[in-house]
Structures are given as C-alpha cells and as structure tokens.
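Two complexes, one shared chain (chain A), two partners (chain B, chain C).
Moving on, here comes the complex of A and B:
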C-alpha cells in the first residue's frame, strides 16, 4: 500500500476542512471495507485518508415526523435490525441485511455502501480500463458473466454494487450532501450517474463533498416494501440481480408503486415504465409478469449474462406478489 | 486550425463578382442561383458497417465526451439504433452472440450538404483542412434550418433509451441552446474518436476478430459513399 496521511476528523467541519484542503488527493474512510481493498490493490492511491468513524453526529437512526433520518456513518447491521426500519421501511432493512457477511455489516456504513466502487473484475485487477482513465473496456469483449450490465451499459458495463441504494430508490429517499458550498439534498435516483455523464465516478459527489444524512420519507398508509436479491449460490457476495419495490395498495389495488433494480446497470435503476403499469391495478400474477417484462425492456445483455434478464424478471414478479 | 467559411452567402457574393475560387475550400461555382453544389468533398466521412456493430454505445459516449472536453456541446454526433433487419457478420455472431442488431447513424458529410446551404448566419462551415461540414457553435443562433434541411432521418428505436426517436443527423442541445453535428473530430490527432475507440475496431486491429472491414471506418465522402451509408 502506498503511504498516506491519516486524518482523524471529529466533526463534520473538520471533515469538510480536510477535504477542501486536500481535494482530489483525499478520501473519506468510513468502515474501510471497500477503501482498504482499493488501496491495498493500488487501484486507489489517496495521499490523505480522512476517517469519519469518530465524527459523533453522523451515527443515528431517528424516526421523525417527515420520515426516517439516517446518519451517514450508521452501520448496516443497525439498519438491518432497527425496529422502525424493519416495520415501515422494510426494503431498506432487508437490503442492509443482505449486504455481505455479518462482520462486514458490523463494519460497513450506509454512506460507504452508497459510495463503494464497482466490482468489475477488470477494474479490481490490473487492467487500465475506462473507469481508471484508460481507453478500453475489457468487459465488453471479455468475461462479463457476473458483475456487468444488461441495461444502460455504455462505454463501461459495470453494475452498481450497492444493495442499500436499490432500496433507497424504491423508498424515494433523499441524500444530503455537505461540502464547500451550501448543504444540498438530492433524490437518491439523482445521486447516481452513469458512464455517459462521467465514467470516472458513480455519483455526483465532487472531491470535497460527503454524504451526511439519508432521509426516507414516511410511507403513505397501506404501504409495504421489500428487497430481494440473487447472488452466486452459497456466497456472501454482491447481487447478480436485485429488486426493491414499494407499493401502496387499497383492497388489493395498487395505488402507487416504486420499483428499482440492482446488479443490472451502472446505476441503481428506477424503472418507471413498470411503475406506471402497476398504478390503479390489482396486482395479480399476470400483472406482475407484465411489469417484469417492462422492467427489463430494452435489455442489451452482454455475451455471458443473458441469464440475468430472466433472473431479474422473476425477482420483480416475486417482489410484487410479496407486497400486493 | 484553419477553416474556410463556405456558406450560401459566400456563394452568392462570389457568384456576383464572378470569382472562380475563394479560399482553399471553394471549388467550381456552377449552378449558382439554383442548387449550390460545388463544395469540396469532405476528406472523411464515417463509414459504418452495421454487420459488425454490437451496440455497445462506446462511440456515442466518447463522441460526447471528446466534444465536451473541447468546450463544445456534448451531444453525441453519431447515434445507434436497434435494427432487427441487420444481418450480423459471422464472427460477431460467434464471438458476441445475443446482443441484438444495430444500425449506426453518422452524418454522411454530404457532397451537397443541404445543411450548409441554409444556414443564415454562416455558422455552418467547412473545415479548411479536411472539408468536414461542421457547426460553429459560437455563431449558431439555433434557428433549426440546418436540421430541417438535412434529408437524412435518424428514425427508429434509439438503443440508448430503447425509446422511439425521429431526429436528423443534426442535434439540438437544449442546455447550450445550439445545434451540433459530426465534425469528424476536426483537429484531433488520431482522427475521429469513435473510429479509434470502437471496441470492435480495436479487436479487428488486434487480429482477434478476422474481417476485411472495420465497424466504423473513415472514408472520402464521395457520392458513392454517401449513397451507401444508411
């Protein structure tokens, strides 16, 4: 690992100060679950590492009038087990609980989970691809069987690895960003960007910015949500495909639905076409199949991942029937 | 970078004084007053071979990115459509199966470019070095005449969004408030970036894919070429 300076920040102001001072040379260290590996493998070589683990006011889960407030440093295990999260924001608890292994959930933060880097093995290996500033994607003509896109891939075909992001999209969450400018809040779906906007990053954060809080609005009455994920059999690993759905229903009739997919595109992907097909209708097996078709419409599978199309469809169907 | 402003207005002006040539880029001035037509050919046009295209959209993204880096509109100037009628090359079917069929839709750099003739503010220009027809975004007043005049539609299901589009080979950038089109990456060492970065071209150049053609090639924009681009 290349040597670096460790900065142990105690407050958001200190984090902001360190980031502003060192800009592109600095990285935030939350649980370190991803950053440590990136640094060991020299995929990322920051000169300054700003630990936010000791920043007091970003470890919390609070249910307030407008919804659930989650500090960026909140660990995934706490989210997975929190009573209010399990009860009213079920998809998020399930997604947090589906991340990796118990050890990693005890270490990994929600902020870090949202900002983790891709798992494409060329990116993780010694390949100077687009994502590292190179000028070729090795996956497009190479081995793309697991962690590559079937939807929205272009230039770079990685899939966004975060499970919690998928749940946050379905739950209509907002992400609060602090930095040199005034604090701002964006919709979860606007936080993530694809390779067309910028292949070198996966979200809108500028070098001196950080996530401080995630807010999930209180769901309307009669709303249920769930998160489902398929991974390589018997592993603790990342999603081959995942789906999160939130559905408000009255007498079995869906009034509004939000549906998001993970593991299939360079961003956690909200599929509004499928959402629209559900509104105002009774969720039956047939309707859920239709929505599943719409969710994967326009898929452009790669040479080795066509199976993900069917996998995604069956997850969507299952998830819809579960919340109906 | 040299450029010759060859526009309808120049034609008329030059015609009036009976000039035979103006600047490096103006050739004969026949047919003045009817359809102006004797512009020099573009040294290059993007010549696609849809049978080799895997719809990866690398060309679109690198096009947008390169022009953004030049301070220009970042709208891709080449677009990819889904096109079930394309017959794939045997090598593509064998090595990269099941990705679908596509049609690349670049600008043809027409020998008689309608877009150039109609611009009222001299924003449609010919690159002095390679003859590429391009829009000077600083001059474009976004009247849309070039787009209306371009006879070649981009009409079908856009691969990027899987939604239908009905465009021309000139694009409006809502953010910048200008029209833009393929300029053959004028001034770029290495030529058009789409041709350089198309991963199929890269694999062909490496000998991994064996074909006698490229997925995207650069060719002199003759009338024959113009007729053969979809």
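Moving on, here comes the complex of A and C:
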C-alpha cells in the first residue's frame, strides 16, 4: 500500500474542505471494505485518505413521512436487520443482506457499497485496461465468464458489483450529493453512468463530491418488493445476475411495477420495457416469462457468458411471481 | 563470518527473526518489552522517512490499552501480529476473502486485514488471545477441542471469533443460522462439519 496522510473528518464540512483542497489526490474512506484492498493492490493510490466514519450525522436509518432516510455511513448489517426496512422496503433489506460476508456487512456502508469499484478480474489484476486509462479491454478476448456484461457493454464490459444499487433503482430511491456546489439530489438510476459517458468512473460523482444520504420514498399501498441473486458459491459472492422488483398489485392485477437488473451491465439497469408490459395485467407465469424476455431483449453476450441470459430471465420470472 | 551469521539466523524462530528485524516502520514505543503506556499528548510525530505519514495510535485490545506510533496505512491484523505480538490473529488472503484475520470490534466480527489500525481507536477490540479467562478456556475453545473442529488450525482463531460474536447475541441458534454466521470464514481443510457442531455445542453451554 502506498503511504498516505490520514484525515479523520468530524463533519461534512471537514470532508468537503479536505476533498476540495486535495482534489483527485484524496479519497473517501468509509468502511474500507473495498478501498483497503484497492490501495494494497495499488489500483488506487490516493495521497490523502479522508475518513468519514467519525462524521456524526451520516449514521442513521429513519422512517419519515416521505419515506426512508439512510445516512451514507449506515452499516449494511444494520440495514439488513432493520424492522421497517425488512417490512416496507424489503428488496433493500434483502440486497443489503446478500452483500458479501457477515464480516464485510459489519464493516461496509451503503455509500461505499454504491461507490465500490468494478470486480472485473483484469481491472483487479495487473492489466492496464480502459478502466485504468489504457486502450484495451482484456475481457473481450479473455475470460469473461463471471463478472462481465451481457447488456450495454461498450469499451468496458464490467458489471456493476453493488447489490444495494439494484434494489435502490427498483425502489425509486434518490441519492443526495454534497460538494463545493449546493447540495443536489438525483434519481438512483441517474447516479450511475456507463463507459460511454466516462470509462474511468462508474457514477456522476466529481472528485470533491460525496454521497450524504439516500432516500427511499414510501411505497404506495399494496406494494411488495424483493431482491434475488445468483452467485457461484452459496455462502457469499458477487452476483452473476440479480434482480430487484417492486410491484403494486390489487387482486393479483399489477398496477405499477419497477424492475432492475444487476450483474449483467456496467450499470445497475432499470428495464422499463418490462415494467410497461406488466402494468394493468394479472401477473401469471406466462406474463412474467414475457417480462423476462423483454428485460433481456437486445442482450449481446460475450464469448463465455451466454448462460447469463437464461439465468437473468429465470430470476426475473421468479421475482415477479414472488411479489404478485 | 557471513556463514556464522546465516547459521544464527537459521536457528532463530521465524517470529523472533521478524521481531529482530525491527518490524518495519514502527517507531520505538515500548512494544518489544511487551508494553504499553497510554501516550499523554498527541503531538504530531515527525516522519522517519520523508513522505511517510506516522500517527500516534491508541488501541484497546482485550481490555488492555496499547499506545504506538505507526504509519496510517497499516492494517489492524498486521499491527496485532508484528507490533503487539498477538499472533493468534492470522493473515490468509489479506484481501477480505478468507476470514483468518477475523477480530471482534465493538461486538461485531470484522476482517482485521481490511481495517486500518488508525481507524479502530477508541473501540473495543477482541482477539483470540482475550478469550480465555483466568486460565480457563472459553466454551467455544473447549468445544473446538472436543469436536476436533480443525486440521491445520490456521482458520481456527477466525472461526472461533466469528462464532463468539454470533453467540454473544444469539441464544439457541439453528444449524442454518450457524452456517450463515460463519459463512465469511473459509476452512481450507474442510473441517466445516465439526466447526458447526462445535459452535452448536458451545451455544448450549453459554
């Protein structure tokens, strides 16, 4: 690990100050579950590491009139076990509970989970690919069987590794960003960007910005949600494919649905075509199969991951039947 | 003469060799002697080498306070092993994937290899060395012996600590819950079956 100066910020103002001062040389340190390894491998070599763990007012889960407010430093294990989250924002509790291992869920924050870097093994290894400023994607000609995309890949074919991001898209969450400018709030789906927009990063954050809060709106009455994930090993692993769905239904008829996929594209992917196909219809096995086809329409699998198309379809089908 | 030196070195244990090497970058707080006064002031420490960032760090481990001056980049597992001689904490993968480095911080199991020592100040840290009380093993340790819950033993401290953090909160767990709680700890020898039995047996005694 390259040596760095440790800055233990106590307030958002101090974090913003340190980030503004040191710009690209500074990195936020939340739980360290990803950043410590990135630094050990020298994939990331910040000169200033700004700890946000001791910033008081970003550790909370509060249910308010407009929905669930989650401080960026909230620990994943707490989200996974929180009664209100389990009850009304089920997909998020399930996604947080499906992240990594118990130890990592005890360390990792929701903000850090959303901002973690890709798990493409070329990126994690000693390969100077597009993502690191190089001019080649090793996954295209190399081994792309697990953590590479079947949808929306171009230049870089990574898949976004965050499980909670997929749930937040389905739950229509908003992400609050603080920085040198006035605080702003964006939809979760607008937070993540694909390689065409900027191959060097996975979200819209500028070097001096940070996530401070995530807000999940109160779901309408008669709404259920769920998150499903398949992985190589049952005990813990990143998603080969995952799906989060939120469905408002009356007498088995879907009034509105939101559906998002993980593990298949460089961003957590909302699939509106599939959502539209569900609205106003009774959710049957047949309809969920149709929605699953639509969700993966236009898939362009790579040399070794064609199986992910079927895997994703069956997850979508299963999830829809579970919430109907 | 070079050969004599070499022979001497061979005769040293690996541990004392590492200790003899001055264990890397630590400045000289009294750790070689076993310990450990709380530092009074927290004056900035001038770097030994230009560009390196040293910080005074106070850790509370198994109820004891340790004060040392280390580089900010050092992980808790590394500091436990090479500065404090608490070598019960193992380092397997050093990248948050195996659980050998599991320690308990404020009641929760975490990976010591991925925590920075500077970032766990003021928190209650438990390592395997802190489990036995007054010469008596913890019921989990006894159960691991009774059920032969290891082969090489490398993963054992981590397994026991993951189990302890879990049993401290959960009474009468099911097998499925035990498996879930220990899912962040890999055993290359594949002693899982005995490990789960040992945790279930210890749960009955706690």
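Just so we're on the same page, the second predicted complex is superposed on the first by the 322 of 324 C-alpha atoms of A that agree within 3 Å, B and C clash if a C-alpha of one lies under 4 Å from a C-alpha of the other, contacts with A are read in each partner's own complex, and residues count from 1 in each chain.
We take it that contacts are C-beta pairs under 8 Å (C-beta built on N, C-alpha and C of every residue); 3 or more make two chains touch, one makes a residue touch a chain.
No experiment lies behind these values; they were computed from the predicted model shown.
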TODO: Could you classify chain B and chain C on chain A, in the superposed arrangement, as clash or fit?
DONE: fit
- [ ] May I ask you to decide whether A:135 touches chain B, chain C, both, or neither, giving the answer as first, second, both or neither?
- [x] first
- [ ] Angle at the Cα centre of chain A spanned by the Cα centres of chain C and chain B: state it in steps of 10 degrees.
- [x] 130
Open item on the list: Residues of chain A touched by chain B versus by chain C: which partner has the larger set?
Closed with: C
- [ ] Applying the touch criterion given at the start, work out whether A:77 contacts chain B, chain C, both or neither, answering first, second, both or neither.
- [x] second
Open item on the list: For A:127, using the defined touch cut-off, is the partner it touches chain B, chain C, both, or neither? Pick first, second, both or neither.
Closed with: neither
TODO: Go through the superposed model and pick first if A:101 touches only chain B, second if only chain C, both, or neither.
DONE: second
Open item on the list: Is A:306 touching anything from chain B or chain C once the two structures are fitted on A? First, second, both or neither.
Closed with: first
Task: Three-chain overlay, closest Cα atoms of chain B and chain C, distance in Å - done: 32
- [ ] Identify the overlap between the chain B-contacting and the chain C-contacting residues of chain A.
- [x] none
Open item on the list: Quick check: in the complex, which residue numbers of chain C touch chain A?
Closed with: 51-53, 55, 71-73, 75, 94-96, 99, 102, 108-111, 113-116, 118-119, 162, 166, 179-181, 183-184
TODO: Write out the stretch or stretches of chain B touching chain A in their complex.
DONE: 54-58, 60-62, 64-65, 95-100, 159-162, 197, 199-200, 202-203, 208
Task: Of chain A, residues touching chain B in the complex - done: 135-137, 140-141, 153-155, 157, 195-196, 199, 297-298, 300-303, 306
TODO: Could you please specify the touching residues of chain A with respect to chain C in the complex?
DONE: 1-6, 8, 29, 32-33, 36-37, 39-41, 49, 51, 53, 77, 100-104, 106-107, 235-236
